[in-house]
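The following pair of complexes shares a single chain, chain A, combined with chain B in the former and chain C in the latter.
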Partner chain A sequence: MILEVVIGVIVGGIPLSASLLFASLGEMFGQRSGVFNLGTEGIMMLSAFVGFYLVYLFGSPVLGIVAAMAVGGLMGLLMALVSVTFKAEQGISGIGLYMFGWGVSGTLFRVYVGGVTNIDGIGRIAVPVLKDIPVLGPILFNQNPLVYLAFLLVPVSSYVLFKTPWGLKVRAVGTTPQAADTLGVNVQRIRYQCVTLGGVMSGLAGAYLSIGQAQMFADNLTAGRGFIAVALVYFGRWKPSGVMWGALLFSMAHALQRSIQVYGIEFPYEIAVATPYLMVILVLALTYKERNVGPLALGKPYNREFRG
Partner chain B sequence: MKRIFGGIMVLSLSLMVGTALFASGQAEATEDETVRIAVVIPSTIDDMAWSQAMYEGVLSVQRRLGEDKVQVDVSERLWNAVDAGSAIRQYASQGYDIVIAHGAQYQSLLDDIAPAFPEVTFAYGTGFRADHENVYAYDPHAQEGAYLLGIVAGMKTRSGIVGLVGPVESGDAIKYNQGFVQGVESVNSDAEVRVAYTGSFGDLVAAGEIAETHITAGADILTGSAQQTVGAIRVVDEYDGVYWLSTDMDQSSLAPQSVLVAQAYDFEAVVQQMIDNRERGVLGGSHLPLSFANGSLSLVWNDALASEVISPEIRENVETAMQMIIDGEIEIELQ
Partner chain C sequence: MEKSSADKYRELAVSTVIVLFSLMIALILGAFLFAVAGANPLRAYGVMLAQPLSGMFGLTEMMVRAAPLMLVGLGIAIAFRSGILNIGGEGQIMLGVVFGTAVGLALPNLPKPLLIAAVFLAAFVGGGLWGGIAGWMRAYLNVNEILSTVMLNYIAVQVYQYLLRGPMIDPNEVAYGTGVPQTALLSENARLIRYIQGFRLHSGLLIAIALAVVVFLFLWKTTVGYRMRAVGAEPKAATYAGMNVKHNLVLAMVLSGGFAGMAGAIEVMGVHHRAMESISAGYGFSGIVVALFGGLHPLGIVPSSMVFGLLIVGADMMQRAVDVPASIILAIQGLIIVAIVSSNLFLKNPKMRDKVFSLLGGRKIAERDPEGGRT
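Here is the complex of A and B:
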């Protein structure tokens, strides 16, 4: 039974991590530039609806994904407008964006769909040859294509953030925007780009949930995953690899608690369900000192008229 | 910036005032004999489960009596008690005759609000305590249909493993689970019922993940309760030879090849009873059960699928057990 549980945890945890990974990687770019977006949950929700709806209408998952990313990008742009140009308090604007996404997605769903309906989204695809590797093959190489994409984006994000001039500007803007500004970096433009990119990635996360994982839409589909994604950026210490391990750990913990319940292992289910969240809090608390690696200007609107 | 902000404030206030005037105009237009019913639900009217079952029950009453006789208004997504309390109080103060707070979690709110509005009928459920003269507690006997679904599961399973996707271990879910387990045990003592909870009522992705885990662990018959089950049904539908047993309402339209049978709640009878009692001057103070005996619970078979995969023996056993429940010969123990 132990082997079954272990395999179950890996098989169940990997797909669960994909939506978190998309959203967290996007949010990481925003936070690296100095803007945190608590509206990630709302972006995911509205994008999940739009993606679902286009598949429902036209039967094209690709169209659904592209539309979800576009909507996510627009909402990211809105967040950037409010938090970068208008210099609004980021936490409050994020919550506003969340409520906007939640309300609008539910209303549009009611008006244009009217009830819970399945769609033919994107299912699992087994990778030829690799899927035949004993034990690991069926676990790792029989996943939804978007899961492969999510993990592929980890090294890509790492490369962009740490090996390209643009990545250097992002890190500079998030750490010392005054210095970056003095050197000719357009702080506002970089922040706009990062927050919009975060929106696009959150849109992809929403599309994965509605088109890939659930293959349906219902009110509050994301159920708090957007907020977890924001926390995972802190958890992963603003590094793509850290975010990935955080997403995997959180997802595997979820899969473990499900297996504990399903296999009837004596353990209070309330504690099992809370374990992944407790774990995130614990790790955040234990890595308190290491958080200094984070962007120092995080959450602070930049105004070149004021120094200090 | 100040002008923009001021403009937004003026626009918002105008909208609020306009809406209030429109609403009061509607209220004045309402004739005295019209019964005004407000329903406060935790999810949405189209959740294919608990909330939709109540909404359809109220609409059935409205359709039967006429829209000029029954006015229905609904507030959705009121999971949390603070928002729900505000809505309930507003409906009561606007002169609604019946305010239905559709969830066990609203009981304490009604304990607080109901004494301040003695002319208004309040109702909540699942519950059995009606401590005020103007509060009803309606109580679907989820365990009764669950017992019958348990018989189907116990006789139908080939693997001997049955999976249950629960929301939170409380209220209706406990009754449902206990009835289901006893139903399985009554026909198949070797079968194992594995219970797992998502910790949420509405997280359909988590419900789908638990269903997946159950199936991977060998379950071939699954069931579960609350709004989230639609996610689990979608996953079950991916597997041949794996079936789902529904509760709250008929969910076969979601997966015609997987949903075998459903326990359906008929809230129409409950709402009608409230209206009838109100006409006699009784505003509450009692417990309104939904059971097979009073006809407000029913079993809805997905005949197209059941005719193929359910043997006459299973159906016969279910019908016999249903009659025994009605006659009081089967008592389902609830702890």
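Here is the complex of A and C:
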């Protein structure tokens, strides 16, 4: 039975990790440029609803995903406006964005849909040939196409961040904005780009949740995944590969919690549900010594008039 | 640096105008939301803002909501002033409810004033512990307090539901097999006084106002309070001055969580007389808006909690009148937060402040505070 559980956890965990991965990679770009976007949860919720609703209306998952990404991008742009141009406290403004996304998605869902309704979203697609590999094939190569995309984005993000001129600018702006500014990098523009990109990715994360994973929408569907995604950036030490391992770890913990319920192991249900959140706190607490590798200017609005 | 009273007056005038302006912008954006949700925004706002004021029920309910909002808001102001963001009000309220109800049920025959004080104290301890965890982790392990308080919210919900369904459930619910997740009713001695027959208005509001005065005196007239604000305003300078920053961060979060816990006690002793599911009604988050809208000042938070008590009661009435879910108020509060923190650009920049002041018809005052320092 142990082997069964282990395979079950891996099989269950990989699809769960995609939404975390999208959101977390997006947040990583924002934080690398120096902006801490706590609104991820709200962006995911609203875009999950928009994606769901378009599929519900028109039956087109592609349209749903595109619209969700557009909504995410707009909310990212709003966050950029608030935190870069208005230089607002980023933690609090993120919470404002969270409440906004939660309130709007919950309200519009009740007005336009009413109750829980299933939709035909995107199902799994098996990769020919590879899916026939024993044991690993069905686990790794019979997934939702968005899951493949999420894992593909890990090396892509790595490449963009560490091997392209733009990635260099992003890192420079997040570490020493004054120096970057002196060298002619437009700090504000790079930050706008990164936070908007983060919004688009959170939108994709939301769309994956409602269209791919759950194939439905419910109030508070994201249940803290947006916040966990932010924590994963810390856990992954601002590196795409670290973020990926974190996303896998947490989704497997989530899957383990589900299989505990499925196998009827005696364990209070509520404590099982609380486990992933508890894990986030523990992981943040245990990795505190490694925290000094983050972007130095994280959370600090850049003001040209006060060069320090 | 001591400021002259003219400066103080100028700052107060400017920040009041800016905060009201932010509220207006948020309400205008909210009007679009109403339109998207299929309602006439003017009619919706009309019901929301005017109907609670036009009858005894609305007025008393507004004050019933204001009491917990005030306490949560005070706690959040203490934390924010000390340089730590407390987003965990929701979880701290629940822990306060658990601790307070447990004491209330355990000592049903204690004399009324003693029992009420004991429940408040227990709730303070419960909320304070929950907040203190996040404060301690921030101070000693450098864990971002926003993330930890948010996670503690999710954990608190589960702990709360576990306790209500299991160990703390009303024995009658088990005996009759109904199984509603709630505790037994508190004894008469653990209930706050209700003033008007047929309405829920209770003495919790007066207690909250008294505590607002206590917080004001604590933060501005005691050494400990001064240190906490100093640590919040300039942690480096405070360290050089020999203040223990870490110690103050923990203290701030314990107090902040404790106040949220007491808000839970007020709901239990004043409104429901037991612990039950969804007791908090989002006060943990609304408290953030209340605190910001009140300028993070106890004497601003008192009227501010009335404003948001009005909005929350009004949203319920609006839901019945124009058929838009009351959850829209959550979105509007989010917009208010975004608008207020964005306006900080104007509040912190002395040139901008002067400009706003002269627009108001006031004389420009020679620049005295080039850093635009926080008080």
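Just so we're on the same page, the second predicted complex is superposed on the first by the 290 of 308 C-alpha atoms of A that agree within 3 Å, B and C clash if a C-alpha of one lies under 4 Å from a C-alpha of the other, contacts with A are read in each partner's own complex, and residues count from 1 in each chain.
The rule we apply is simple: a residue touches a chain if its C-beta (ideal position, glycine included) is under 8 Å from a C-beta of that chain, and two chains touch if they have at least 3 such contacts.
Remember, it's a predicted structure, so these values are computed and weren't measured experimentally.
Engineer: Check the residue A:Glu270 against both partner chains and state whether it touches chain B (first), chain C (second), both, or neither.
Structural biologist: both
Engineer: Using the superposition on chain A described above, determine whether A:Tyr98 touches chain B (first), chain C (second), both, or neither.
Structural biologist: A:Tyr98 sits against chain C, while chain B stays out of touch.
Engineer: Is the number of chain A residues in contact higher for chain B or for chain C?
Structural biologist: Between chain B and chain C, the winner on chain A residue contacts is C.
Engineer: Classify the contacts of A:Gly106 with the two partner chains as first (chain B alone), second (chain C alone), both, or neither.
Structural biologist: In the superposition, A:Gly106 touches chain B and chain C alike.
Engineer: Does the superposition put A:Ser241 against chain B (first), chain C (second), both, or neither?
Structural biologist: Once the two structures are laid over each other on A, A:Ser241 reaches no partner at all.
Engineer: Using the superposition on chain A described above, determine whether A:Val262 touches chain B (first), chain C (second), both, or neither.
Structural biologist: Once the two structures are laid over each other on A, A:Val262 reaches chain B alone.
Engineer: Applying the document's definition of touch, where does A:Gly42 land relative to chain B and chain C: first, second, both, or neither?
Structural biologist: Second partner only, chain C.
Engineer: Could you list which residues of chain A make contact with chain B in one structure and with chain C in the other?
Structural biologist: 106, 110, 219, 223, 269-270, 273-274
Engineer: Would you pull the chain B residues touching chain A in the complex into a rising list?
Structural biologist: Those in contact with chain A are residues 43-44, 46-48, 77, 163, 169, 192, 194-200, 202-206, 208-210, 212-214, 216-217, 227, 230-231, 234, 237-238, 254-255.
Engineer: For chain A, which residues are in contact with chain B within the complex?
Structural biologist: 4, 8, 11-12, 16, 106, 110, 114-118, 123, 209, 213-216, 218-221, 223, 225, 254-255, 258-259, 261-264, 269-270, 273-274
Engineer: Chain A touches which residues of chain C in the complex?
Structural biologist: Of all residues in chain C, those touching chain A are 33, 36-38, 85, 87, 137, 141-144, 146-148, 150-152, 154-155, 158-159, 161-162, 165-166, 285, 288, 292, 324-325, 327-338, 341-345.
Engineer: Considering only the defined contacts, which chain A positions touch chain C in the complex?
Structural biologist: Residues of chain A touching chain C: 38, 42, 78, 81-82, 86-89, 91-104, 106-108, 110-111, 219, 223-224, 227, 230-231, 234, 268-271, 273-274, 277-278, 280-281, 284-285, 288, 291.
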